[in-house]
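Chain naming follows the written order as A, B, C and D, and within any one chain the residues start at number 1.
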C-alpha cells in the first residue's frame, strides 16, 4: 500500500474491502468495518489534508498510519487540536514525512489531474514549510524570478462522499467541491460513497451538474448518513456530540481503543453504527440543525472556552 | 473584568480581551475590499465589519464559499454556513487561485510564534524531528500569508510567542526584512500588515520591515509591550491609543455570537 | 488597445462603448453598434481561439484586426473555411503573430486565472506550432525530461454571453463551459451579455451554479438572442441560413462591406437587427431546432458537398 | 460509382469513398475505450462504432461534451448536440486534462499534408510568412496528436499530400522517427496509429516509425499507393484487403446522416 487520500464527508465505516476493483465493476456495495480494514492494511503514507474530516484525520492517532504528509492534519478548527494525532507524532509512532500548505495539496492534485509532472505556485517560497516539502524552486524563464514547483500527487486510493450518483458513479455535488474535482481525477483508485443512488437518466438530463464522471470511479457504495459524524451540505450537520466523545476519549490510547471497540469493531453493519450514535432521533436532529431549524448543540465549545480562560 | 494597571485606578472594563481583538480586527478591514477568512475570530471580525462600516466586504473561504450571508457562526471553513446564500459555492482551486492572482485584499492568520519580521510558526514547538508540541501545521496559513495583499495576524503576546527566531517558519512574513520577501519570489507588495494582540496593534516599518507599535490598547503601557516581547519592537514617537469597542459593536458581537462560541461570556 | 478575447456565444452587435467601466457600474446597458466600435478602435491583437464564434472569428477579415494569435481561427468546422479571414492573412492585411493549440490557449488562461507566469503542458513540443508560439521548453527538474511552458495570457477585454445572470454579473451557465471559467478570471475587463437578468436571490439559492461571480464582471448587458447567429445551448440553435449568407458574401471585400452595411451600420438597435434576420418567426424556428422539434436547415452543407465533388 | 481498375472488369461499387472511410475508421475503434472526436467523419465513425461493435465507446469532445447520446449530427465541437444527454457537460480544461493524463485512447485527425513519420500540416501551404493558402491551424489537432494514445488520421492521399517534408509541422507524428517523439518530451507510447485514405490503411513501423501499408482498399493496387505518395511507404509481404462496408453498416450510416451532411449521396 502506498498513498491513501481520504476526503471530506467520507464514510468512516465503509470501504476498501477490495482495492483492486475492476473498472465498471460497481455493483458490489461494500459496507462494513472498513475502518478496521484500513487498519489491517497499515498504509505507509496517509495523505490527508486540511479542512477535512474528523476521523480519517486521526488515522495516525488510531495506529493505522506510520507516515504522513501533512497540510492541516492536527487540528479540528474551532474544536481544538487532535490529541491522538499529536500524540502519535510527538511520541514518534507516526513520522511526518512532508509538510505542505492546503493550496499546495490542492494544486498537487491539479498537476496529477492534468497529467503534468508539476504545477507552479507562489506559495511556500522562503519558508521551512517549503524546506520540508517535496517542492522545488526554479527561476521562471519568463520573468527571471524564483517560482515554486509542486510535484503531482496521485493518491493510490481516494474516497469521496457525495449527495447522489448513479450506479456507474456519475456524481453530482451540491455546495462547495473543495478539491473533489481535481482529486477525483488524480486518484488511481476512486471509491464513491453516496447518500443515494439515482437513475443515469437524471444525470444525463443535466449533464453540467456532473462533477465526477463514471470513468474515474472504481466503486460506488450507497450509504445514507455516510458522512456522519461530519456534515453533508444541505442534508445534515456535524454531530458535535459524537465528535466531542471522540476528542475526549482520544486523549489516551486506552480511550482510542475503547472508541474503536464500541463504534468500529463492535458493529457489524453501518445501520447498527447509526443506531449506536443515536438512531433516527439523532439523525433527524442533525437534519434540523443543517436546515437552521434548531441551533447546534456542541459540548466541546463550552469546554474549549473554559480551557482558554 | 477588574484590573490594576500601572498603579492607576482600577478600571471597570466593559469588554473582554476577545471582544477587543474582534473589534480592532474588524476596524482594520475596509469596505468594498475582499478578505480571506477562517473560522473563529476572523469570522467574527469580518461579520462585525459587514454589519458596521464595511457592508460590501467580500468574504472568501478557502474551501470555496464566496460572498455568503452567514446565518450562524460556521465552525469549519468547509461548513455549509460558509456558503449559505453565497454568491458562489466554488472550490479551493478557485479561492486559492483568486488569492494568488491578487484578488484578495486582506487575510487573517493566527500564530503560536512570530518574529520581528512577521514570520510565523504554527507547525512545531521544539526541534522538528522530535517536536515538543506538534501544532496544526500550515493548513491554509502559508497560502494566506503568501498570497493576500495585507495579512492581519491575531495572537496572544508574550516572550514565548514574540520570539527572536521562530522554531519553524511555517508562513512567510518579511523573511529577513527589507526586500527579502520579494527577492524570494513572493508577490510584490504583499505581506503582514497588522499584528493584533491583547496589548496593542503593530505594523511594520516600511523599509526595514521590522515590527513597530501602532497603538496601545487602553491601560497598556509601552513597558508592558516590551516586557512581553522577545525582540525589540520599534516604538514611534506618536503612539495612539486603540479605540475600544463601542457599545454598538459590543451589541452586534452578542448578536453574531449569542452562545459565546468564540467571544465567550 | 491590446488584446481582445471574444468568446463563444457572444453578442455581435453589442458592446464596448466604454472600456474603462468602473467596478460595479453595471446598470449601464450598452446595446448598439458595438461591432463598429470595435472596428473604430482597431485592436492590435485579437486573441481568438478555436471552437468559437462566427463573426468575431472573422474580425480580421472585416478589417478591424491587424495582428492575431491563432489556434483555430480560419475555419467554421463543417461549414468550411473562412474566406475573409484567409484573405486578410494571405494578402498580408492581417499578420499572424503567433500560433498555438486550443488546449494551449485554454491553459494560458488557466495560468492567468491562477496568477502564475506559466503553466506546463506536454502539447506543442517538437512542432512548428511551438516554434511560432510564445511558449518555452525547459527540462522538468523532477524527471529531467523536456516540458513546454505556456505563458499566462491576460486578455484586456473578454465578452461572454450567458443564459442568465443577476444585475451584478453573477452568472450561471448551462451545458459546457468550454473555457469560460478560466477566461472570465483571466481577463482584465469582462463584459457579460445575457439572455436574461435574474434576481440575486435566485443566484444565492443555488450558489454552486455560479460560474462567473460578480467581482470579475465590469458590465452586464441584457440581450435576448444575443448569441445569434450562434447557438445558446438549450435555448436556440445556430442560424445556418444567416451564417451561409455571411460566408457567401465574405468571399469578396465588397461582400463584406455589403454585409456590414446591412447588418451592422444599417441597424440602430439590436432589436432592429433581430427583425432584419427574420424576426420572431426565425427566432421561434431556431428554438424549435435546438429542441430537436425540427431539423436544421443549412444551405451551406449542400454547397460544401458539391464543392467536394 | 463505376470504375475500371488495372484492366479488371468494371465493378459496381455499392458504397462511396466517404462511406468506406467512415467504416474503416469505425472498425479501428475498440469497445470500452475512449475516443476524442471532432465533427464530420470522426463523429460519423464514432457513432457507427457505438451502434455496431463498440456500444461502450466513450466519446470526448474538446469543448467539454463527454459521453453524449448524439441525437443528430453535431456541426461544431461546441454544438449542444455534443453534450445532449451526456454523462458530463464539462470544460475544455477537463477534456484536455483527461487527454494529457492518458485517459483517452483514440483521437482523430485530418491533414492537408503528412510525411512518412506521420507529422501533419494543417497550418499553411507555402512559406509561413507569405502563405499561398492559410489553413485552419492547429485548433485541437496538436493536442489530439500529442495526447491521445493512438491517433487515427483520415485524409485524401496524393503526391501533394503525402510529402517528403511538410510545409509546416502543425501536429507531431513520430517527428524524425525512432524514439525522437519521446525524446522531445511527448507522452511515451503515444503517436499516429492509422492513416486512412481513399486508397488504403497505413500504420507505422514499430522501430523506425516509418509509414507502412496495412491494407489496400478493394480494387486498389500497390502501384496506385506508390503513385500517390511523395515518399517511400514500407510495403510488407502480407498486405490484406480492407473489409468493405457491410450492408448493415451502410444502413446505419444512412440513419446517422440521413441528409448526407457528411456522407453525401
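One rule holds in what follows: a residue touches a chain if its C-beta (ideal position, glycine included) is under 8 Å from a C-beta of that chain, and two chains touch if they have at least 3 such contacts.
Everything numeric in this text was worked out from a predicted model, so none of it was measured.
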Subject >> Chain-contact steps, minimal, separating chain D from chain B >> reply: 2
Subject >> Whole-Å gap between the CA centroids of chain A and chain D >> reply: 43
**OP:** Starting from the mean Cα coordinates of chain C and chain D, work out the distance between those two points in Å.
**Re:** 28
Subject >> Interface hub residues of chain D, defined as touching at least two other chains >> reply: 83, 89-90, 99-100, 147, 187
Original post:
Taking each residue of chain C in turn, which ones touch at least two of the other chains?
Top reply: 114-116, 121-122, 140, 145, 147, 174-177, 207-208
**OP:** Report the complete set of touching chain pairs.
**Re:** A-B, A-C, A-D, B-C, C-D
**OP:** Under the touch definition given earlier, write down the residues of chain C that touch chain D in their complex.
**Re:** 8, 50-52, 70-75, 77-79, 81, 85-86, 89-90, 92, 96, 99-104, 106-107, 110, 121-129, 132, 137, 140, 145-148, 174-182, 231, 233-234, 237-238, 240, 290, 292, 295-296, 298, 301, 305, 308-309
Original post:
Which part of chain A faces chain C closely enough to touch in the complex?
Top reply: 115-122, 136, 138, 140-143, 145, 147, 149, 151, 173-177, 207-208
**OP:** Going by the contact rule at the top, pick out the chain B residues touching chain C in the complex.
**Re:** 34, 58, 66-69, 83, 85-90, 94, 97-103, 147, 187
**OP:** Quick one: which bits of chain A touch chain D in the complex? Just the residue numbers, please.
**Re:** 112-116, 168, 170, 185, 200, 203-205, 207-208, 210, 213-215
Original post:
Can you list the chain B residues touching chain A in their complex?
Top reply: 38-40, 61-65, 71-72, 75-80, 82-83, 89-93, 96, 99-100, 119, 123, 128, 130-143, 146-147, 168-172, 175, 180-181, 184-187, 259-262, 264-265
